[in-house]
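You will see two complexes here that share subunit A, one where it goes with subunit B and one where it goes with subunit C.
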Partner chain A sequence: MSRREVSMPHGAGAAFIRRVAALAIVLGAALPIYLLLKQAVTPEIESFAWPPLWLPRRVTAAHLESVFTVVEFRAAIIRSIAVALVCGVSATVMGAMMGYAMARSRWGRRAGMTAVTATRLLPMTAVALPLALAFILIGLYDRPSAIGLALVHSALALPMTALVLFPAFLAIPLELEEAAFLDGASPLRIFMTIDLPLARAPLAAAFILSFILSWDEFGFALLLQVTNRTLPPLLYYYTVFGDVGAASALALLMMIPAICVLVALRTVLRGALMAGSLR
Partner chain B sequence: MPELVIRNLWRGFSSGGGLRDISFEVEAGEFFVLLGPSGCGKSTLLRLIAALDPADRGAIDIAGTRAGHGAVAMVFQNYALYPHMTAFDNIAFPLRLMKLGHDEIRRRVAACARTAGLSIDLNRRPAELSGGERQRVALARAIVREPRIILMDEPLSNLDAQLRASLRVELKRFQRDTGRTVIYVTHDQVEALALADRLAVMRAGRIEQIGSPRALYDAPANEFVASFVGQPPMNLVRARIAPDRKSLLAGDSVLRIEPPAGAPDEVILGIRPEDLSLDADPAKVAIETTIERAEFSGARFLVVARFGSAYLLTESVEPLHTSERRRFYFERSRIHFFDASSGRRIPWADPSP
Partner chain C sequence: MDRASRNLRILFVAVPGAFMAALMLAPAFEGLVLSFDRCGPSLGNYDVLFADPMFWRALANNLIIPAGSLALELAAGLLLALYLTARPKPSAVVEIAAVLPFAIPEIVLLTLARYLFMPRGYVNAALVEAGFHPLGWLLPNHALALLTVIIVDAWHVTPVVMLILMGGLQSIAPEIYEAAALDGAGTFATFRHITLPLLFPSIVAAVVLRGVDALRIFSTTLVLTGAEGVPVLSTYAYQQWTDAQQQRVAMAASVILALAITIIGLAAAGAMRRFGTAEAPR
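Up next, the complex of A and B:
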């Protein structure tokens, strides 16, 4: 009797309650997205209406259009994509090398782990100002190409990609490398033809994660790209200075990669699990 | 001229184990087996020959050249096939590294696949192949570069018993057809005896004995080789030599066997299970035993008989019953003597036929 009391409530009534609770959670998560969508497609006057309007009265495409026509927006979109791509590629390439060193040498593992944790110890704000100064001195500050910011994002993403790829390389049996060595392959060749292809799924995951990290990054972007902005600071400015419609449209646009990643990551991660049996 | 010469090879591990002063030679075209229990250093030795690990001391000469890649290929215990490549690409991998032409690669892969007994679609990946097929792909990859020596690290141990027996036959044929020198590591003495031209029995980082399967079987150099080579294993019984040196005291019995000259007082008698017979023969030595157990094993019964405090293993055609008193007979010349303290073989003064 007492045992039954501590277990999960069950029966038809309990199932109903559970379903309602689940629905409430989903609605709670979906509501802000819905409001964003509504603000993006309705005139601003409706966004500030009191009492709030839950359903749009009038629909306009002006905000969404502005995202693609206003030069500042267009430039920011292209800049953000470029920075995120550079960050994704360079952090994945460097992370692969670092993760491989960590997987294959004891010294590499110790050095890598120390480096990863040590960078986590530093508050980013403490680094930001000296970094901005240094960038001004060497001419990387607020460049239209945002190459300086891309470098910073790569450095931010590197510990993460290394940590994602280290166990992936660790899971590749050493025997495969030894076989390739006896087949006459050089160490670089072994890395390129055996390890990298076998770590394909984790490499994709590392790329996606570092792309998103850069895409969302706000602090350094705000400080280092004061005029040639990327999307997060631009969105911030539009929110602060009151263009809610345009800001909402921009925010919607920024969600697209996140949604793509969510879908892509699921298939990639499933693939990574399937590839687990390397024998 | 020997294909492989190993001289005074040492390799230490901080965890213990390793290799201690290994020296031997392997002739070209020979099937050479390294046999020993796990942890005896046989795989370590193979890795040194493959140049996967460095030796602490000593030299490995392969047909006059230093050890290193090029001269040797290896078949791994888990085959170590590249999972992301097709069977064809696996076999072609060494050739691509040699930067051979497309047609040349195609021709040589096909030839090696045939030699290895592969009759499958080579566009399949290792995950889609059976254990035996993977084994053959690994063999084909090993010979495709035409190495002087092929190293094999327990290549049959991952297969089920039936497949193992048939692949063993095939492996031997494969070696004869290709004429390659093979160095083969195993802990399975049945496999070793069946495959080897010569074998080295290893224990604790040392080579205990090298010779043909027949030589090792007939004249094991010490107690360890005697117990390790042969299935069921040789019976080993402690015995004292009687003061008159005309007979032996073993268990509670006196055996009318004159020990070889130079034998110490304490010896170990070795007798192979198949040399024990139930047929009475006055010319042979008789021992009185109590049957402990008789296990049915098909054509014969595997018999455990108690002799003094020792147990003897043998086989019999007739069923025997527990606690039955039976007498076993054996020829004097079939007895092996070992020094009880060092375990070393004590040869008969005049080698009996």
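Up next, the complex of A and C:
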């Protein structure tokens, strides 16, 4: 048995405290989500009751159905998925480029770190407001396809994917590249056929991370897609203007990717959250 | 290696670099220029800004909320990290539950927080059922609303602090604890003289990383209290942009915030270099 236990109190009292803590943490996460679920399946009138009801009296599927039948919702879902996919692909591709340059040269590392730090210091409005003006000029503002927003999300996610991929490329031994080099392969070919396949898992992680970053992103989406909304600003409007059932159903829908990743890929996610804290 | 691979690396830095410059740095620079323009070069936007009491409230809140939130998430994150790394290890369900507030989209968490804290929300319902008076958790211009924002903000990011500190805790060699136990150190003494000093670099890292992010607070106050309930600089800029139609003033406010973040961020980075890797202070 490890002596490390001494760092924590033990005995019957401590075991009890541990159990209470576990219960508090799980309830703290589960209770709010239960309430959201309850609001999503009860008629609107019950959600406005005072005092609020802790258990549903009547159950309806109307709100959950509306998420897929109301045109505005369906359009926002498709738009959010499209934007997140574009962001995932382009941020992963460009992040791989930058991460590789960072792993293979010192000045590349310096350039990469400077870019990462510089963009980290910029507040959202300092970029989004002038960008909105520029997008209006070049016709990327509030497009139904939200292509402008997808570009912004790619730029937001790029430092994160570069930071995730840089150590992965660093771990690939140079000898492998040198062997291919002696066989006459071009640098680009070496990168494509040796480095990229070896970094498959980190590349997948980078894609998932940037997909989720885009799926969750609220500020730029609010300012750049003022009528053709993605899910986060749509949820914001339904929350603020008091459509409880629809907002709750939307919120549940928005949690799906996170829950999938959380349950299926816990280890990936842990690294992901650490990197997410760096964005 | 040779010229060709050097050119490839230059290309690999240039393409993403140009992309980020076009979408982030160039607009930020454009905003800086426009903030000094009012039909010609002028400080007029800043005059308007500094004459607005709401701006000063936003600036004050923008410093108070991050400080409060940082203190709260550090305390909660440390407790959770100690709990989750202690043996016997808690089950995976507990760990998932602890990470959940950060894993779900921020806007979903804020929607939840609104339903919890609104006047006829679940928190007040619980208070009433327990025999207390309901509270105005989100009352505009009220200290309690400031506290609510701090609590919700800390709720969202505590898992990040927790994960950073868990990393630090797991890197402390078990031998050190064994030695302390042999010397007869109790639980508290071990924590005070071993865990805390060795964890110090991780704590500094968490403070720097989260501190800079906390200054950018936007959605928490916007969703919970609206742009004017508990103004911060980002929501102030947003409100100037949308409701007041004062685009240039909004940009000036953003410039002030960027400036504040840069100054505090550089100071924090300096502190990180000094304390982050050094031995812990006695």
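Note that the second predicted complex is superposed on the first by the 255 of 279 C-alpha atoms of A that agree within 3 Å, B and C clash if a C-alpha of one lies under 4 Å from a C-alpha of the other, contacts with A are read in each partner's own complex, and residues count from 1 in each chain.
Keep this in mind: a residue touches a chain if its C-beta (ideal position, glycine included) is under 8 Å from a C-beta of that chain, and two chains touch if they have at least 3 such contacts.
Keep in mind that what you see is a predicted model, and the values were worked out from it rather than measured.
S.K.: Under the superposition described at the top, does placing subunit B and subunit C together on subunit A give a clash or a fit?
M.R.: fit
S.K.: Of the two partner chains, subunit B (first) and subunit C (second), which one does A:Tyr236 touch, if any: first, second, both, or neither?
M.R.: Once the two structures are laid over each other on A, A:Tyr236 reaches subunit C alone.
S.K.: Now for A:Ile194: first (subunit B), second (subunit C), both, or neither, which partner does it touch?
M.R.: In the superposed model, A:Ile194 contacts subunit B only, not subunit C.
S.K.: Looking at A:Leu262 after the superposition, I want to know if it touches subunit B, subunit C, both of them or none. Which is it: first, second, both, neither?
M.R.: So A:Leu262 only meets subunit C here.
S.K.: Report the partner of subunit A that touches more of its residues: subunit B or subunit C.
M.R.: Answer, by number of touched residues of subunit A: C.
S.K.: Which of the two partners, first being subunit B and second being subunit C, lies in contact with A:Pro144: first, second, both, or neither?
M.R.: In the superposition, A:Pro144 touches no partner, neither subunit B nor subunit C.
S.K.: Given Cα centres, how many degrees, to the nearest 10, is the angle at subunit A formed with subunit B and subunit C?
M.R.: Result: 100 degrees, to the nearest ten.
S.K.: For A:Leu122 in the superposed arrangement: first (subunit B), second (subunit C), both or neither?
M.R.: Only subunit C is touched by A:Leu122; subunit B is not.
S.K.: Return first, second, both or neither, reflecting whether A:Pro167 touches subunit B, subunit C, both chains, or no partner chain.
M.R.: A:Pro167: touches no partner chain.
S.K.: Could you tell me if A:Phe181 is touching subunit B, subunit C, both of them or neither one (first, second, both, neither)?
M.R.: Touch status of A:Phe181: both partners.
S.K.: Using only CA atoms and the superposition described at the top, report the least gap between subunit B and subunit C in Å.
M.R.: 6
S.K.: Across the two complexes, find the residues of subunit A that touch subunit B and also touch subunit C.
M.R.: Overlap of subunit B and subunit C footprints on subunit A: residues 178, 181, 277-278.
S.K.: Which of the residues in subunit B end up touching subunit A in this complex?
M.R.: Touch residues, subunit B against subunit A: 50, 52, 69-70, 72-74, 76, 78, 80-84, 93-94, 97-98, 127, 141, 145.
S.K.: Considering the complex alone, what residue numbers of subunit C touch subunit A?
M.R.: By the definition above, subunit C touches subunit A via 1, 4-13, 15-17, 19-20, 23-25, 27-28, 30-31, 34, 80, 82-83, 86-87, 90-108, 110-112, 114-116, 120-122, 125, 128-129, 157, 159-160, 163-164, 167, 174, 177-178, 180-181, 185, 187, 190-191, 194-195, 209-210, 212-213, 215-216, 218-219, 222-223, 226, 233-234, 237-238, 241, 247, 250-251, 253-255, 257-258, 261-262, 265.
S.K.: Could you list, by residue number, the parts of subunit A that touch subunit C in their complex?
M.R.: Touch residues, subunit A against subunit C: 2-9, 18, 21-22, 25-26, 28-30, 32-33, 35-36, 39, 48, 50-52, 54, 94-95, 97-98, 100-101, 104-105, 108, 111-112, 115, 118-131, 133-134, 151-152, 154-156, 158-159, 162, 178, 181, 186-188, 190-191, 215-216, 218-219, 222-223, 232, 235-236, 239-240, 244, 247-248, 251, 254-255, 258-259, 261-263, 266, 269-270, 273-274, 276-278.
S.K.: How about subunit A: which of its residues touch subunit B in the complex?
M.R.: 173, 175-176, 178-185, 189, 193-194, 197-198, 200, 275, 277-279
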